[in-house]
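Several structures are given next for inspection.
Both complexes shown next keep chain A, but they swap its partner, so chain B is in the first and chain C is in the second.
Showing the complex of A and B:
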């Protein structure tokens, strides 16, 4: 994003285009793809708050996505209005995360990852035991099913999630989270309450994951209630975040678009090929380009602007400073 | 009821042997290289397929092909190390663990997809003529031969590994490296070589476990994560101290799961193990048999 236009303008343009997309296309396949992208983008953004900002690599994120989907769908199909159903789901998830977070966040580093993985798998098995049957929309809900409302729900959810994430990244709390990520001891020594910041990240991240889950529960016609608890959702979120750019705002969005579009393009050949392609890409990003696409884009942009302004030293230094600023603002 | 309890305990102990071998391999790579290979279970899966195809295509008994499978997955281990993990061990320990977790996690996706592509998603089991035979004790407790092989091989593997680590020059190099790689490097130990071989042995052990899984249980592309989790639970239970402790913890986990399934039903088997894991991790992070200070 160049210096002359503030980032907010870019966001508004994207928002306008996505709103227009829902108004002018009746193409259900396109809308389905868009809804899947928004759901994954919202889920990835929520993971990024805990994993990217606060540096706690959770492998049990799907538990909260699943909880959001399960509660929203059961309350909604039980006759409550959708907004109320989602609200209850979010409150319950936030409370659950606050309770579960106490023992989980005592684990450091790898133990946190493994602990959350264990938690996620335990919840997955339990969900399958409690709700073994497939969940389908009843006939009257199916007759009233329309894409546009679902499209705007998903768009609203991803917009809210990104807005919260962007606000958080600039807030004092967010800065505290990043301090904890860089060095927990040093952060504590400078007066940052590391446990409180990790807990805030954990609860916000879980609640937003439940919000993404709510979209899934509302959008899907029929699925096994265990499915959204599956570890695949965690895996998808993590690959999307890393390929896009961990710790950034735009990274998870770019990653999600790339992931869903790529999956759609490759699904006509072999579905396994898509997984292999993303797996390889993910490993390459972790090894070679830790900043993901966002960092790659900045490098290319910096190289181009350096070449474009063929002035000696002064402008070059400025170009470099600009990329530094650019990195901060995304 | 008594019969059910004893039978469940026996079945649990037998599967616990396999938990032990899977955990031995994982503990080796985690302890020496300080990398966490969450794709360890995928190596178990590939070893299982190797044993399965050696049996169905060439008629070789899975117990006799254990060394062959070990060598195959050992070789795969050197390849994976040279392609991926070699680049991770350059980092400091914290980054090493985090990056190895992420990389092996990508590997999980890739190996699973390849397995689906090559072998389809079907469950495969090796059926030998002794598969249905069992030792029957006191008239009603059945000890199936094929499954008891798991426990026997686990004990043998643990003793071999302890011998290798404690009695050979290479073993001393491995132990030295796992304690302080910089110091080991100063004393003339080729740390890179130690890393590669330790990782390959770890992979080979996963392959051996796979042979036993396809003999006594079943193999499909998605079994990996479950075995990795069990191995992680066992390592947390045992601590990283001793190889015998790991096999013991594996058997203990199997036993607890077996007994828990009597009262809670087999659907909650996996949940019990995970709850045990979280409780031990919370209250005894050095492990049940650990001597403390061996957390990485």
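Showing the complex of A and C:
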């Protein structure tokens, strides 16, 4: 059995469970939690391509999430079929990212972060000025609201996002992004076009963020259009990536499950102090597991392997090795 | 700064932001039901009919320990001042109804106490929706809304989706009633009422030639702002007033100097605005600093909160439109007002009465419906014909209610009813500056 077989089996099992969840449960609360988890997982995965693979720490990611939500929602509520609305939203977002990326990617390091933060805040304020009113589904649509279609849309989006992320990580383009992340000058010296790779990461990341936004726009009953442009979404995504594991494929998924489910459990058990408890939990995770849950899992797996008979210590899942912090801790 | 430090710094920032502003947090919860505070169920299976003494089959139906009212009210954030009044109104009404024996529900053949589940949405409409989804899973019979149109606008859609009746005051957004919603009821003056009543009041109480004819509007850039701003323009033209200034600002702005100076330069005599409490305080504070205040000031929403008095002279004489006043003389106001005076040291605040009336409407509707079924309760609410502390309430097909729009004026530390000129109304002081 090849080393990649267990992960594939694992992915299939997870996929089967998530598909079955939509088929066999009518529990709206559970489906809502699942859709929220998938949306955040897709958003975090998209940020991970730019921040984790290419090492460009964007703080304005919500601008693209919000753009995807806004365009999809307005086109869909305007009478376009949902797939067409999403497609248009993705094309417009990709074009916008390509235009915005030219000046933004001239900045490096902290300047890039501050520049994208400024962009995000500017777009947030503009969205509020242009669309001050609430966006609610029409009354008929509200009374006929159904979860299953939305659940599978969200599941499909997170599957596509993860598949693209996994493919990218193994592709030549992805390797170029990681080379740029590790040392931009050295990568350029070896023939890697660093600007082109950063631009590719920026555009792909923004487009996938818009895809996650499309799910938000389709799922939400009622919200102010400015909301998905809020910087909160960017930091939620970053938190999820950190907790799960920066630069990994499954890190954002694990982080999103922990984040959404943990927050929900705490809000029902410790409603008054849930924010503090959740904050402390996060700090503990970051302090004790610098590479996130994925790194923690590797450590446990490695320890168990050492106790076992023949397993070498390097039995961590292939493809989860090259995390930025994880590399240092190996 | 090396890369590792950047990551650590970023992690700390991310955690702080995530902890402070997570997109789906639920606020604190309070449940109060007089004597009962849990949602346990009990059975009435052992009861017998009075006529024959035989055990009834209907009595075997499990009755809940209480009737759950899910109230999502801003307890923190910019609308907390208004939310406090709303909560007080709900709580007073629940206590009064429970003290009188609760609400008789025919399907259980017994009276049940009301239980108020209070949740804080932190004045954030996005949290309003997620908390309302939570409440739907807790078996509530109705939703009770919070304070201010943005929160109601978000919440009513969730109520419609869940097909659970929603009642709200302190919201004047007429557009919400034009969505075709069937579960939203609001016995509260709407934008057309507010737009009309202010000019009617001025024309009635002030002699021709002594009225403020040059009108200025400070409109926030929200859906309600757009709605009321347009209606003020329309109504002013109809009733012989001239709009000399109409300025729009983003909610949460901190510097209003520019629009204040423009209003002063335009010779505004009547300033109409609908700010959030923090924005309203900033506007009037800065007007005080600039030494300008027009003779007539209508401040919808911001001036409803008791802390408005902290502004001193510049806030004095301001007219507010909060939908209710304890001097309106409706049945039940005295008891409500006495409790408010005993606990707060002042007559009931303007939003308290409207909130109180919602619980009266719910109790009456459940009794008439004889069940806690959402559709039956909704139909009973729609057929309401009831005297409450906010007057006689019926509902139109769109969920609005044909009620008066009382106007009040802050006069020193008192809020005086000035319109309509009913028996308990006081004198309108003009000019305010």
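To be clear about the criterion, the second predicted complex is superposed on the first by the 282 of 330 C-alpha atoms of A that agree within 3 Å, B and C clash if a C-alpha of one lies under 4 Å from a C-alpha of the other, contacts with A are read in each partner's own complex, and residues count from 1 in each chain.
Everything below uses one rule, namely that contacts are C-beta pairs under 8 Å (C-beta built on N, C-alpha and C of every residue); 3 or more make two chains touch, one makes a residue touch a chain.
Being a predicted model, the structure only gives us computed values, none of them experimental.
With both structures placed on the common chain, the touch criterion links A:289 to neither chain B nor chain C.
In the superposition on chain A, contact of A:19 is made with neither chain B nor chain C. By the touch criterion stated above, A:122 is placed in contact with chain B alone, chain C being left untouched. In the superposition on chain A, A:111 makes contact with chain B only, not with chain C. Applying the stated contact rule after C-alpha superposition, one finds that A:57 touches each of chain B and chain C. Once the two complexes are overlaid on the shared chain, A:103 sits against chain B while remaining clear of chain C. Looking at the shared chain after the overlay, A:267 reaches chain C, while chain B stays out of its contact range. When chain A is checked against chain B and against chain C, the one touching more of its residues turns out to be C.
On chain A, the surface touched by chain B in one complex and the surface touched by chain C in the other have residues 57, 109-110, 113, 125, 129, 231, 235, 238-239, 242, 272, 275-276, 278-279, 282-283, 286 in common. If you check the complex, the residues on chain C that touch chain A are 1, 3-4, 6-7, 10-11, 13-29, 125-126, 129, 133-134, 137, 150, 153-158, 160-161, 163, 175, 179-182, 221-223, 225-226, 250. On the chain A side of its complex with chain B, the touching residues are 57, 103, 106-107, 109-111, 113-115, 117-119, 121-122, 125-126, 129, 231, 235, 238-239, 242, 270, 272-273, 275-276, 278-280, 282-283, 286-287. Taken together, the chain B residues at the contact with chain A in this complex read 36, 84, 87-88, 94, 97-99, 101-103, 105-110, 112-114, 116-117, 225, 229, 232-233, 236, 267-268, 270-271, 274-275, 277-278, 281-282, 285, 296. Put simply, chain A touches chain C in their complex at residues 28-29, 32, 36, 55, 57, 109-110, 113, 125, 128-129, 132-134, 136-140, 142-143, 145, 220-224, 227, 230-233, 235-236, 238-239, 242, 246, 259-260, 263-264, 267-268, 271-272, 274-276, 278-279, 282-283, 286, 324-325, 328.
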